[in-house]
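Both of the next two complexes hold chain A, though its partner changes from chain B to chain C.
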Partner chain A sequence: MSARRPYIRPMPRTWWLRNPVFRRYMLREATALFVGGYGLVLLWGLSALRQGEGAWLAYLAGLSHPLALAFHTLALAMALYHTVTWFALTPKLMPSRIGNRPIPARWVKAAHYGLFALCSLVILLLAAGVH
Partner chain B sequence: MKSARRSNEPLTWSLFAAGGLLAAFLTPPLLLAPLGLLGEGLRFERVRAFLDHPLGALILWALIALPLWHAAHRLYHGLSDLKVGAHRLTYALCYGFAFLVTLYSGYLVWFA
Partner chain C sequence: MNGTIVIEVQRYRPEQDPHPWWQAFELDYRPEMSVLDALHQIRDRHDSGLAYRWSCRMAICGSCGLMVDGVPRLGCKTFLRDYYPDRIRLGPLAHFPIERDLIVDLRDFLDKLAAVKPYLIRAAQDERPSEPRRQTPAQLARFLPFAQCISCGLCYAACPEYGLNNRFFGPAALALLHRYNRDSRDQGRAERLPTMNAEDGVWGCTFVGYCSQVCPKGVDPAAAINQGKIVSVIDYVRHLVGLSPATLGQDATQEGER
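Our next item is the complex of A and B:
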């Protein structure tokens, strides 16, 4: 038997509620539920696409159900929060430099937002049926 | 001396980062896809032709599998933050699910 009685600081499950920084951290982590959930929506679509045109049309009809639209709207808000936090973190995690000079974080961020706008434009044009 | 054990962390973190990157750029516009129901973009032949192209198949696979690895990583660490479940169990459930989805979507994309 050890005589040690180390003090272990109590850590309630709700530790992250105390501080707005921790609350935003938890919100950021929770966006993953919607990012992953949307992956499953795409998987459902892929499976329908493989089954044939009837299953695909049923999938599209399912997407226009009010519950599906509600999920898409909420997931859009969460996914945008993921995008904003991801772009804010990238220059901190991967500081880049040209030669010896560091590239300012705001340039890296701006480049990310530019590429994001381009991706969005391409995807929306494809979804609208433009070749 | 016990030999150092290799960690899976570099692999799972790479998949997390790849999925997070893809999701940051593509998930918000993709979530507007139901608006595409108004247009021609989601017609069966068109989407099927995209899937039948090797590059299209690869994109669809990545769009499904990588965000699930991203979600698995955040969910596993989030559950640990909330002190829910034993680590080995939540690890197996989170990453195991992402692994299964990767296999199943890979099968649907390439072999179905």
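Our next item is the complex of A and C:
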């Protein structure tokens, strides 16, 4: 008869609180809630636009409420955190080479930031054009 | 700089302990001592019954993995001077069943390594299977970083996905799979795709990335797995447009040549 009695350690629900790496990972995962929430606000706006001028103006008034401003600030911070951490991971996903030489990781990251800046600029210009 | 240091070791003796418990030892400290040296000192001077694995003492055998203050590390590659004068807590590798003291049962991990077919597979129509297959330095560079694994299991102790669900194939096995898929001499990608594509394959990974941070050999399993996701997506699209995996096997060496 075997004297083995392997002990299996339970994984507590608070596993992610123990290690700073896991805390940052969970924060990154949690950014999805804010990005998703922002998507819902946009959908609400589209729905208001369809219902007519009164609903649209009420939606705009709602956006300038301090709670709405606080949410948007937080959502922006979360989206930026997600962006920065994601861009930091991109060189792992794209181990590109030119000929025999690997492209340095910072080039891959820089390309992402460049494209990000370009897209932001185009959107800001479009928004300025509307006004 | 000589003095004493307190090392706490998690003990579990299956014949008498219902649960693991912590035991503190006060040891003579010298700045050149590794955690493994400290364990030897405990065994030699305090308790000859302390159970732990070790062999090479130079970070190549992968036997002495353990948790140092909750972080997966090799005992031989971790030095007391980086913690002194604080006390250090040594526990068995996380996420594996504890067999005794610092020894864990690695069977599941080793089975997973074997399950990804970690050997060169040649196509059935290979006319000269025993001929030497030359590689250029560039072809070697494509898989060499992923071939440095010493199967120590630190990445599994670092992976919360494996801790929560040990059906997940996990970092080292999927990195090993990726290593063979990227080898220009190998034609077995189609045989490995079902493992990659499975729920417990590359898609079980949520890119925590801690596996790559703790790897003592710089293997970067997180990169391997997430590059594997790209391969898996390409395979999915190929299926959608009606290309069979058999077709995939033949051009495996050209694909992903980036």
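Here is the rule we go by: the second predicted complex is superposed on the first by the 122 of 131 C-alpha atoms of A that agree within 3 Å, B and C clash if a C-alpha of one lies under 4 Å from a C-alpha of the other, contacts with A are read in each partner's own complex, and residues count from 1 in each chain.
The working rule: contacts are C-beta pairs under 8 Å (C-beta built on N, C-alpha and C of every residue); 3 or more make two chains touch, one makes a residue touch a chain.
Bear in mind that the values here come from a model prediction, so they are computed numbers and not experimental data.
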Simultaneous placement of chain C and chain B on chain A, clash or fit: fit
First (chain B), second (chain C), both or neither touched by A:16: both
First, second, both or neither for A:80, with chain B first and chain C second: first
Touching partner for A:56 - first (chain B), second (chain C), both, neither: first
Contacts of A:64 with chain B and chain C, given as first, second, both or neither: first
Chain B or chain C, by number of chain A residues touched: B
Lowest C-alpha to C-alpha distance for chain C against chain B (Å): 6
Doubly contacted residues of chain A, that is, touched by chain B and again by chain C: 11, 16, 29
Partner chain A, residues of chain B touching it in the complex: 19-21, 23-44, 46-48, 51, 60, 63-65, 67-68, 70-75, 77-78, 81-84, 101, 104-105, 108-109, 112
Complex contacts: residues of chain A adjacent to chain B: 11, 13, 16, 26, 29-33, 35-40, 42-43, 46-47, 49-50, 53, 56-57, 60, 63-64, 68-69, 72, 75-76, 79-80, 82-83, 86-87, 112, 115-116, 119-120, 123-124, 126-130
Chain A partner contacts - residues on chain C that touch it in the complex: 12, 14-15, 19-20, 70-71, 94-95, 97-99, 105, 137-138, 141, 160, 163-164, 206-210, 212-213, 220, 222-223, 226-227, 230, 258
Complex contacts: residues of chain A adjacent to chain C: 3-9, 11, 15-16, 18-19, 21-22, 25, 29, 89, 92-97, 100, 102
